[in-house]
Structures are given as C-alpha cells and as structure tokens.
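Two complexes are shown next, each including chain A; its partner changes from chain B in the first to chain C in the second.
The block that comes next holds the complex of A and B.
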C-alpha cells in the first residue's frame, strides 16, 4: 500500500535499530546541549547525526529539508546581524548598513539549534517506518487510538491525493476548466474539494465499523503482529544516551546550586 | 454519422510496462461493449478517448478531427464519460443542481440547463428527487444521478465505466433502458462491462481487450460464439450462449428470448 513517508528500507544500521532507541536519540540530541548550555555539544550531535545519515545512505534526502530551513535561517542571520538590539562590534561594513558580531553570534546559535533538531529528527524519520514507530509506542503503553490516528494519517494523505486526481478528472470531464488564470483555479476548487471531503466522511464511517468489527475497542490485552525488534546494541545505546541526559541535568543543577 | 477512429494507439503509464500495445479501432454508431479481464487496459482506453490521458503514439480522430489539440474541458462538449464511482463526481447538494452543473459549464443558459437536466432526470427515472441531496440517496440511485449529469450535457458520445457494478436487477434494467434510449437518439454508446448477459442483451458490438491488445472485435453474436478465444481472455459466454454450447448447437443464441423464440418456431 502506498504510504506517505520519507522512510526507505536500506538494510542499514539505523534501520535495524529499534524505533525507541532512535526516539531516545532525538530526545538526547535536543536535551543534552540544552541542559549543558554548551553550543559545541549541539555541533557535535549535528556532525554525529550527519555521519549516521551518511552511513545509512540517506543523507541526500535531507538536502531539500536543509535547503528550506537554511533559507529561513539565512534571513534570521541577516536580520539579527544588521538590527539586533545590543549590536556593537562591526564585523563587516557595507556603507549604509553593517553586520555586527553580537547579532551574528546570536543567529549562529539559533542556526546550530535548528540544524541539530532537524538532523536528529531526520535520523529517526528517514530510517524508521512510521507504523513501526507507532506500534513500538503502543507497546510501551501509548494509547492505541491515538496510535491509530497517526498511522492512518500516513496512509490517508496519499489516498486523498489519489482521490483528488480522480475527482479532477471527473470534473474536467464535465467541462470544468482547471488550468489557466488564478480566477479559473479558484472557481475550480469547490467542485474538486467537496467530493474529497464527502467521501472521506463516508470512508471514515466505514473504517470505524470495520475496526469495531475486528475488536478495536476490546478490553482484554492485545498482542502485536510484529515482534519487538530490539537488538543488544539497542540497550547499550539507550543506556549511554540516558546516562548522558541524566549527567547533563545533573550538571545543570550543580551550576545552579553553585 | 459520428465516428471515432483510433489509429495505432500505444500508451504506458511508466516506462517499464506498455499498457496499450497498438490499438486500431473505429467506433461507429453501433453500441459498443468493451470487455476484458481486470487490468486489461479498458479504463485506460476510455480515458484516452476522453483526452484525460494522451497516447505515446498514434492518433484519435473524432469525426475526422484529431483530439490531440483539444483540452479535456473542450472535449466535454462532444464526449461524456461516466466514472465508475459516482462519489468521485457528485458535489452539489441537490440532485437538480448536480445535473445542471455540466450543461452550465458548457455555456448553456440557466433555463436551458434546467430543461436539459429535467429531461435527463426523467430519462433515468429520478423526476421527483430533484431537491434531494445526492448523498442521501442509495449508491444505486446516486449512480443514476451521475449518469443523468452526463446525459444532460447532450454529448455525441457517452461512455460508461462499469455501470452495472453494485446494481440490483431493477437498477440494471434501468441502465439498460437508458443505454437503448441514448442509442435510439443517435448517440454513440460505449460501455466497459463485466456482466456478459447484460452485454448480450444490450449491445450490438463487443470488443475484447486482453493484455493491452484487442483480442476480438465484432458483433456480439460473433464474439460470444468464440468460446475458446474468450477463455483465453478469462471471459465467460453469456448464460444462454453457454446453454446452446452445452447442448451442442451449431448456432448460439444470446438471450433467453431469442432461445425461446427459436424453440417455439421448432415446435
């Protein structure tokens, strides 16, 4: 079945790790530098994430995401570099405007955080099947209902785009122009979107019945179709990450107390 | 007289697999059924006719004019296509406005469109349902709404994609009558079908698709006589034809009526 996901099975090291391990990695990559208050740690995680992604041969898939966020970060850099309150030290004088060191450093801090967060999420998302991730969470006590909502979202969106194209065909067949000026497109929108919404409602009702018939709300303990795929390395990594998080929190508390 | 000529049509969705492998067909005024196994390329074929897909090579001529230069919306004036799933096309909240949508798109005035819509609704037998929301109708009536919506556009050609699916006997009889009425009005009626009895009772010509080629093309009786070739395309004969075959008759009959008439003549 078609599914909307950036995930691709490459039989890599990351693919083999349990989703839980990768989720804890995301948490660690964000929390440790934040608690330790050390930008170099974020840079370290960033580089490490990149190495992992390269090793899994999925680094290319991060380029579009990095490109878009890079553009946003660049505007932050320009604005903060030029106008941040407290700008004093001129780095680059360009006549009417000048870039200041304080603003640039501040923006650099933001950029490091943004890229670190994006890259560590990439490690998780690009190497994990969404349904595996949800199943693992449900196994750990997450509500199966919410889990189901997430999994079905990943399938629903491509289904809806498919429907959208069938419906576009059906309306074009009735003489509706869908190409051309903005006005024409706007007028075309309603006939296109309403059958999609209507049939999603119908589908939802039927899906609910189908789930109920198969005991979705049954009270007894459920088993899982797939076995948990934890490998020994998972436990080692989880321990290291958790120790790392605890240490950084400890460090933070110590600096407060001092 | 209306004709559609398809000359050496090749088509593929992906580079790996050719779906239509050189189709040569001239559709004339005879009502035409398109049959074939699932995945044979029937829907693809009618989407090409309708301009929703464009062939990789080959020409499609509608009354001598190449449709390659016409947009789908422009072609809508000449060729109507009723989609398999009525939910894909219905979006207005009354049956009447739904059926008027196509005629209005074609540039008819409101009064003309309404007249056309009422005529179409009468033809499909939904006269007194004009104000109902189509989604309050059952699937079988909703299908009739989607048929009326195309009939109201008064196109020269009307194509049905699997119209009898999810229809009970009454529904099928109604669709059969609609097709015969349209044929009587001089329109080209083309339909993709899986129900061989329905084809035998309703159509003059049958085209059998198999794996992207035309396996058989001829009047229904000739096509349905060829049990072996049909089996090659994983198709059955109509029930009456099967009976004739089992009884070892040289000539086959397509409908119970023909069969009974023959028996009565014998007696």
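The block that comes next holds the complex of A and C.
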C-alpha cells in the first residue's frame, strides 16, 4: 500500500526538531512578510527554507509540489501580464497582444508569496511524520478524538484508493465504458463511486464499534505512546520566531498610527 | 426523521460513528476527485464526501470534514489548498443546515442547496483568490472569463467573482444532485447511526 505522507526520515536536523517548532516556523514565514509588507522578507524566507530543505536532503521532493502551483502561477503571469488594469509600460510586444510591466510585476509578487508558502510548508511536511504532528498537538491540548480522525485519514485514504482500482476493474469487466464522449464518462461516474461510498459507510459502523469497545470515549486523561522529543534548540528557535512575529505586528501597528 | 430533532443542528456532542464518518467523507472527496480526473470530467467533484457527511451528521461534522479535507491536501499535495479549508467548511455548514431543514428530499431542494452551497463557496473563495492569486482560480474556463471581464475595464473583484462562480456553482449543483441520489438510497439502518442528536430513550 502506497503511503500518502510525504515524510521521509533522513536523520537530519529538521527531523530532530519538534513538530511544534516547525509549525511555528510555517506561521512565521507566512505572517512576518505579510505584516511587514516587504517582499524581500518573503524572498529571504524562501531562500532560508530552501537551504533547510537542501540540508535535510529532501529538496528533490519539493519539485513536484512546486510544479502543481507553478502551472497556476504561469497562468496568473499570462493573465495579469496581458490584462491587469493599470497596465501601461509595454515590455514584450507580440503582434495582437503585449505583455505589460505592471502586470508582470504584480504576478511576480504573487509568485513570491505562493512559493514562499509552499517552501515553508515543505519544511514542515517533508520532515515530520503526520502522527507525530498530531501527537504533539494533542499534548498541547488539542482534542484527542479529532486527533485520531486526522491520523486515521493517512491510513484510510490509501485503503480507499486501493478499493477504487478493484471497483474500476470489476465494473469494466461487466462491460461498463469509461472512455468516449462526455455523456458516457459522466454516466460512468456514479457506478464507480457509489460502491466505494457504500462500503466505506458500512466500514464506519464497524470502526465505531471497534473504537468504542477499546474505550475511545473514556473521559480519563490520555497517556502517550511516544515521549516528547523536544530538544533545547527548539526553545531557542521558538523564542526567535515568536519575537519576529511580534515585532512585525508591532511594526505594522506603528506604520498605521503614523 | 430530520426536523423532528429536539436539539439544535449546532450540537457539538457527536457520537463515535459520526466522528469516524469524517475520515470516510474525506476519503470520498479524494476518490471523487480521482475519478473525475480518470474520467476527464470538466468538474472537480471533490466535495461529495463533505456534503454527504453534512447531510448525514449535520453542519458541524460537515464543516470539520471539509476543513480536514483541505488540510490533508495541503499536507500531501498542494500546500496552498490549506487556506481553502474555510471554503469547504462553509459548504459543509450550508449543506448541513439545508439538510437539517429537510431540503435534501427532492430534486428542487437539492438544486437550491447546490446553488446556495456554490455561492457560499464563492463568497469565501473570492477574497482568498484575491489575496493569493490576484483573483484567478487556475481553472481554464474560469480564467478565460476573468480575462474577458477584465478586458471590459471592470474591477478585479468583479472579474474574480465571475471566475469563481463559473468554477464553483455548476460543480456544487452536480455534487448536490449526486449526493441527494446517494443519500436517499442509503439503508435506513445506516442513517440512524449518525443522528447523535435525535431523541433516544435510555433504559438505564
């Protein structure tokens, strides 16, 4: 069964950090440039995220993720470059259409923002096991019931995707067409998805019973299988990041008051 | 069955079955999106699970399922989609409320729910699109409309709203019609499982 998570254990510095630290890093990398209103800060965070990812030897895995949004950024670039209101300075004249400087700069700003968010998320996602993330949150007071729901997703979705290929094969062997005109493909959708839906609902019934007999609803304080893995560096990083966020908010308020 | 509930649809007391419905719903969203991709359909169809969960277990479960759906996308495929968790949560709430007041019993009600859900999505997605993408959605037809509206010298907000309406509303209508068909055909024994706020006589 294929795992959904992008996490990879490389025994790197990022792997050793507490998930909480990395989550705060994500928040800081998004909020600080937003509050300070300075694009160069976002670029700085981008480069820093990239260095971290390179240091953990997972930079290769960010490329497909960047590719997904890269395509959308490309359409933004084209549309804003051609049509943005306030476009005046022509940069590239291509016969009937022309790219304008203002629109392209605006699109560049969007691209920086988007890639910054993606890279800082990658720092968290590529170096943290989802279950560790949830466990750490539960330790901090997050509902353990919702925490269970979240972790179980990473097991359930690959299971359902497996079932999906079984059902596709079964329906095809009964002669169902999955290719052809739009109408044929539309008609194929319901017979494909309804067996998955029905069987997963029936599964929920069994899963609910299985959980309840194991004391899922017990009100007692929950204990943890793994020990908290916080290292001293974590606290230092958290303090720096929080100070950074507070400073950027302070800066924003100052500029407003002026 | 619905409408006779004594408690409010906002009850946070859900039973275990309603809770494990959430991962199933997210899984269904995921599969719906995959199938739509495999069959090359021009719709997303990625909120079937959210809407079904909302119909079965109410707006709160629907909202959690929707939000978690996008968190999972964010953690496994596309980090930006995390922010659209709010959109999916809104869809869950709208559909859950409509189902609670009995709209999901016929085609007319489902159509209305689809339109309302679609516009709830537009209402929340448009500002997010403006912040993160300058107004476009990355969907071919929507973005063509965006460019067309923009070239008429309209504001980016109007262009972005039109873009989002084209992308979201037809999709939500199809999804809700599908969901109604599925919801009406679910076995009764399954339906009663998730109704944690319907009145139960206790023997002890």
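Heads up, the rule we're going with is that the second predicted complex is superposed on the first by the 224 of 258 C-alpha atoms of A that agree within 3 Å, B and C clash if a C-alpha of one lies under 4 Å from a C-alpha of the other, contacts with A are read in each partner's own complex, and residues count from 1 in each chain.
We adopt the following convention: a residue touches a chain if its C-beta (ideal position, glycine included) is under 8 Å from a C-beta of that chain, and two chains touch if they have at least 3 such contacts.
Given the structure is predicted, the values throughout are model-derived calculations rather than measurements.
> Please indicate which partner A:82 is in contact with in the superposed arrangement: first for chain B, second for chain C, both, or neither.
Only chain C; A:82 stays clear of chain B.
> Who does A:202 touch here: chain B (first), chain C (second), both, or neither?
A:202 sits against chain B and chain C alike.
> Touch test for A:162: chain B only (first), chain C only (second), both, or neither?
Once the two structures are laid over each other on A, A:162 reaches no partner at all.
> For A:216, select first, second, both or neither according to whether it touches chain B, chain C, the two together, or no partner.
Only chain C; A:216 stays clear of chain B.
> Of chain B and chain C, which one contacts the greater number of residues in chain A?
The partner making contact with more of chain A's residues is C.
> Identify the partner contact of A:172: answer first if only chain B is touched, second if only chain C is, both if each is, neither if none is.
So A:172 only meets chain B here.
> Shared contact residues on chain A for chain B and chain C?
Of chain A, residues 178, 190, 194, 198, 202 contact chain B in one complex and chain C in the other.
> Show which residues of chain C lie in contact with chain A when the two form their complex.
Within the complex, chain C touches chain A at residues 15-17, 19-24, 26-28, 30-32, 34-36, 38-42, 45, 48, 52, 64, 68, 71-72, 74-80, 82, 132-134, 136, 138, 143, 146-147, 150-151, 153, 155-156, 178, 181-182, 186, 190, 193.
> For a test of understanding, state which residues of chain B touch chain A in their complex under the given definition.
It comes out as residues 47, 50, 52, 71-73, 76-77, 80-81, 83, 85, 87-91, 101-102, 105-106, 135, 149-150, 153.
> Touching residues of chain A toward chain B in the complex: what are they?
Those in contact with chain B are residues 163, 166-167, 169-179, 190-191, 194-195, 198-199, 202.
> Give every residue of chain A touching chain C within the complex, in rising order.
Listed in rising order, the residues of chain A that touch chain C are 4-6, 65, 68-69, 71-72, 75-76, 79-80, 82-85, 106-107, 110, 113-114, 117-118, 121-122, 125, 130, 145-146, 148-150, 152-153, 156-157, 159-161, 164, 168, 178, 182, 185-186, 188-190, 192-194, 196-198, 200-205, 207-208, 211-212, 216-217.
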